[in-house]
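Both complexes shown next keep chain A, but they swap its partner, so chain B is in the first and chain C is in the second.
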Partner chain A sequence: MKLVRLKAMAVKETLQVWRDPFSLLIALLMPLMQMLLLGYGVSLDIKHLPVCVYDREASQDSQDLLKRFQASEYFEIVQVADNYTEITTSLDRGRCVLAIVIPPDFTERLNDSGASTVQAIVDATDTNTANIAMGYAQAVVGGFSTDAQISATDAQGRPLQFIQPVDVESRVWFNEDLSSRNFIIPGIIALIMALVGAQLTSLTISREWERGTMELLVSTPVSPMEVMLGKLAPYFLIGLLDAAFCLVFGVFWFDVPFRGDVATLFLATSLFLVVVLGIGYLVSVKIKSQVGAAQMGLLLTLLPTTLLSGYAFPIDQMPPLVQGVTYLVFARYYVTALKALFLKGSGIVDLAPELLAMVAYAAVVAFLAARAFRKNLD
Partner chain B sequence: MNAADAQDAPITAENLVKRFGAFTAVDHVSFRIARGEIVGFLGPNGAGKSTTIRMLCGLLRPSEGRANVAGFDIMREPERVREHIGYMSQKFSLYGDLTVAENLRFFGGLYRVPRDVLPERMHFAVEMAGLSGHEDALVSSLAGGWKQRLALGCAILHRPPILFLDEPTSGVDPESRRRFWDLIHTLSDDGVAVLVSTHYMDEAEYCNRIALIDRGRLVALDSPHALKQRSLGGTLLLIECDPIGVAIGILPKAPGVREVAAFGNSLHVLVEDADAAISALPPLLACQGVKTGRIERIAPTIEDIFVRLVGGGAASP
Partner chain C sequence: MFDRIWRIVIKEFIELKRDKWARFRLIVPPLVQMLVFGYAATFEVYHVSTVVLDRDQTQESRELLSRFTFSDRFRVVETASTDAEVARAIDRSDAAVALVIHPGFANLLRKGQTAPLQVIVDGTNSNTALIALGYVDLIAGQYSADYAADLVRRGLAGANAKPVVVNLETRPWYNPDLNGRWFFVPGVVGTLTLVLIVSLTASAIVREREVGTLEQLMVSPLRPVELILGKTVPFFLIGLAEVALVAGFGMAWFRVPFFGNPIILLLGTVLFLLSTLGLGILISTVCKTQQQAFASNFFVLNPMFTLSGFSFPISSMPNVLQWLTYLDPLRYYLVVIRGTFVKGVGLDALWPDMLGMAALGTGLLGLSILRFRKSLD
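Coming up: the complex of A and B.
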């Protein structure tokens, strides 16, 4: 292998990327777009759920309860209904996710027996949201009933006797704000790396075939290894640059904490890039049309990264079989490492299993890619 | 083969065969090309000219046979072969999205032209291509003739002793073609062995030797002069007549006629005895309602030889 040829190859490839608006767009604008789109657009937090209320009693107590819903940041009362039909319509049309109905004998039963019921109707087409909404609703009603009990005992002149039930004092670690953005942004870096890496490289070889420059290239003494390394070097640098951009943007724009060390982040990113670029290159060698190569490249890199890496969809919530499959998805290790680096501040030692898995992956892909390109036209 | 042989005959092919499935593209072709010699591959499209050149460049593996280029076996040491050859073809181009200078620098790098001589070589290539002042122009913006000369410039940056040119001038205007051939002659004067394929019959005259290729076989290999001197087995007559289509039907059956071929709006007719034919043929044609105009002896062209050796109809006009 000769450095002169490798350098000539890398310079040529860089110039071509620089002059190709489409490649430039992917390399430079795509990371920003993805960051903004996913950073703002994808939120798994449930806040300000639209609620429809039907207060059949309209008493001091019932209004008191509803005010608690209004005050909660999880709910927002969007409609006050006068009958059940309105509630049904509202749920049907998706104007609200949750409906609260207060019965006409709410205060009466509360005073008589100390036990009353409130009806909550939830739109469970999205079961995840429905579950969380029910949980929040129970919490609001629970708060109300505790206060009601206290004031009732107080009114009867009995001394206050607290029966303290077991109270769970939970402490949230690593993502104290329970903000899904903190959880998603590190994963987006994996997504961007996969997208940029596969898209750019999947075109490098097929472009030479389609433009008819491949035959000339093959007729020169350049070796397959020089072609591969020379072609991939610029994309590797672009990938690292994009990773640095994502890190800075995530930390300073989205206020995502970064607690790990930058060196480990770039080590993991380099390994991931080797795998993604290698796959893109392999696809490009095997599929001679640019369109076909681009699609296959995405299928092999972006799709598993999106669905099976755990970047947004937690792996432990997947069926056992699919969980098993995720061990084969190289992005899984990178996403785990990214999240641990950002949120937990894990060091290189803690991440050894993930890093080693990625080293193994990178070695296999690099080996296959190096052997893929043959310098003849047969 | 020893080094001295490589000096004398930088290109040696022995019984080269290339099959694509059941189709035999190149069928037992053997030849030697000497230092400073220009050999033209002449033949119709699909005759196997490009396939032979690609095998010699190491782009395709021969199905059978051996070849030695610059002293290296093309099967065993294709990379060494590539270091000593320059290759260009009309069918593919340089990088259109790179400038003239960037293309030259790229190929200079791939051929490992020493850093200290590269500027001078690049300057030479630019001058040769007539592109002075256009070093920063994108190659895609250049006209065909310029692109061709620049491609040749890229192919000779490393001063290869051997040059393979695969239909280098097809689609290029006549003026540019002539300039291109001047360049090739300059290179051969410096000792470069040139193997060039073309389907322009007139370009054959620029070559030292011509290899006539048809359906994968090497039909003849000789100098243009010797080929023309070869006994055609008679004398060639040019006959102008009308309607020409009827004449082509009658003449082959006429006594003393060996071969008939149409060239534009006249016929080239190979006959055993010119005098007898000149007096006998016009009346014969007149019987069938064909008017005869000019009728005279002509010197055979390469095209006549080609038609004679390969059989009519195969040659491009």
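Coming up: the complex of A and C.
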């Protein structure tokens, strides 16, 4: 291996990327677009959920309860219904997601037995939103309940004793505001790395085939190892630059906390890039058409990174078999490391298992990639 | 005229029949993606790994913790004996939730006072954390209510004491078990159709241009409209078949019900396909090579997917993005496909979305035909 030839190869590839608008678009514009789109568009937080109310009592108490729904930032009363049919229509047409029905004997029961029931009908088509909405509705009614107890008096006018045996004191660690942006953005870096890395490299060899320059490349004294390293070096640098961009953008634009150390982040990112670039290169050697290679590259890197890495969908909720498969998904280790680095502030020691798994993966892929390209024209 | 269109259609199908890779692409990746999505895409919260620290060791504390042990929402993976162990379990992600009961818990309860149950949640996954916290509240609240009722019944709580006041009775409609697959499987059908049909249409036309056979078609007696119809009809038919294949597979494999009217879904699919075909042709008029077409597919389809409401609710997006979603045909189609699958609603509920797709479809198709004719000159 000669450094001169390696350098020449890298310079040629860099020039090629620089002059190809398509590659530049992917290398520079894609990370920005993904970051903005996913940073703003991907949110599981619920705000101003449309609510339909049907107050069959219309008393002071029932209005007080409904006012609490209106005051909550999670809900917004968009419709006041007069009968059940209106609620059904409203839910059917998706005009509201939650319907609150207060029974005609709400206050009466509250005064008599001290217990009353309010109905919440929720559109469960979107199960996650339904789940969260029910939790918030529970909290609003719970708040009303507690206050109602405090202000209630018995027949003699003495205040009722308020008993609430257990009080849940919850503390949230690592992501104190439970903001879904803090949860999603670290994972987006993995997504962008997979996208950029696989997209750019999957074309690198197939392009030579399609343009007919492979014959030229083969006739030069450059060795297969030099071809691989020279071709991948520019993409590796682009990947690191994109990672740095994502880090800066996430922390300063979206205010995501970064509590770990930058060196570990770049170590993990380098390992991940080796794997992604290696896979892209392998695909490119095997599939000679550019479009086929690009598609295969996406399928092998982006799909597992989106679905099986724990980036948005929690791995521990998947069926055991699929959980087993995720151990084979290299992005799993990177996403875990990213989230721990951003939110938990974990150090290199805490992340040793993930980093070692990535080292093993990178070694295997690099070995396969190094053997893949042979200098012949069949 | 129909004869000439028909010939182009036949030519396209022959091309498809001879292209092994294209046939593979039509069947295998969609089914694989349906499987992966069906199994992996879930926001449900069950068996959250939990560490418990009971420093009271009384009947009351054990009773409260056992309610968590027996709930299918939580799984106790570790019983800690010090605060440091709790912290380590959360730090290392061995547990996502910690329940801590301090000494004196039962004493406070027996006196009719309020005792704290301390909960620590790993907020890294904000969604799981939020839902898990809701279940902690529910279980602790239930225990609390039972304990209060017991105190009142035994006359230990004072003459004026009353237990919990207002209950919320929740009724999830359309999907009573909150099964996440009912939400994701119909969504995958829509998403896959969008990606597949747009990229197929775009690359079919760009390929002719790249290979140089588009000029041959231009010197034939075909008129531009005939050419465009002949080129799109096959993908329209493939789109219909794809929806049937993927939806059928999803229903059979994941047991997702279909409560609505198939005719309405068919109508919605036809309108949706108009947009996808228009988009495909439009991309093909802008791009000169297949590679460019592939890249622009990506830049167009990726935002459409993110903004469609496929997994992230549109109502939570900032206003500007919410306005943009109205330009996304997938947004309307997901409402129609989920409406027919899960809600079982008809045209009276779905007409605005049908109208939206019809408008977008005609607009995109019209624009693409105009541009296509120009690009032929």
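Criterion: the second predicted complex is superposed on the first by the 369 of 378 C-alpha atoms of A that agree within 3 Å, B and C clash if a C-alpha of one lies under 4 Å from a C-alpha of the other, contacts with A are read in each partner's own complex, and residues count from 1 in each chain.
Going forward, a contact is a pair of C-beta atoms (placed from the backbone, for glycine too) under 8 Å apart; a residue touches a chain by one contact, two chains touch by 3 or more.
Nothing here was measured: the structure is a model prediction, and the numbers come from that model.
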{"item": "Clash or fit, chain B versus chain C on superposed chain A", "value": "fit"}
{"item": "Contacts of A:Leu356 with chain B and chain C, given as first, second, both or neither", "value": "neither"}
{"item": "Which superposed partner A:Gln317 touches (first chain B, second chain C, both, neither)", "value": "second"}
{"item": "Which superposed partner A:Gln290 touches (first chain B, second chain C, both, neither)", "value": "second"}
{"item": "Partner chain(s) touched by A:Lys7 [first = chain B, second = chain C, both, neither]", "value": "first"}
{"item": "Which of chain B and chain C A:Ala124 touches, first, second, both or neither", "value": "second"}
{"item": "Touched partner set for A:Leu203, first chain B, second chain C, both or neither", "value": "second"}
{"item": "Partner chain(s) touched by A:Leu328 [first = chain B, second = chain C, both, neither]", "value": "neither"}
{"item": "CA minimum distance (chain B, chain C), superposed complexes, angstrom", "value": "15"}
{"item": "In the complex, chain B residues that touch chain A", "value": "54, 57-61, 78-79, 82-83, 85, 87-89, 91-98, 102, 105-112"}
{"item": "Chain C-touching residues of chain A, taken from the complex the two chains share", "value": "22, 25-26, 30, 33-34, 37-38, 40-50, 65, 89, 91-94, 97, 110, 114-132, 134-135, 137-139, 141-142, 144-145, 148-149, 152, 154, 158-176, 178-180, 182-183, 203, 290-292, 294-295, 299, 303, 307-308, 312-314, 316-319, 322, 336, 339-340, 343-344, 346, 350"}
{"item": "Of chain C, residues touching chain A in the complex", "value": "21, 25, 29, 33, 36-37, 39-49, 64, 90-93, 109, 112, 114-131, 133-134, 136-138, 140-141, 143-144, 147-148, 151-152, 157-158, 160-176, 178-180, 182-183, 203, 290-292, 294-295, 299, 302-303, 306-307, 311-313, 315-318, 321, 335, 338-339, 342-343, 345, 348-349"}
{"item": "Footprint of chain B on chain A - complex, ascending", "value": "2, 4-5, 7-9, 11-12, 15-16, 19-20, 211-223, 375-378"}
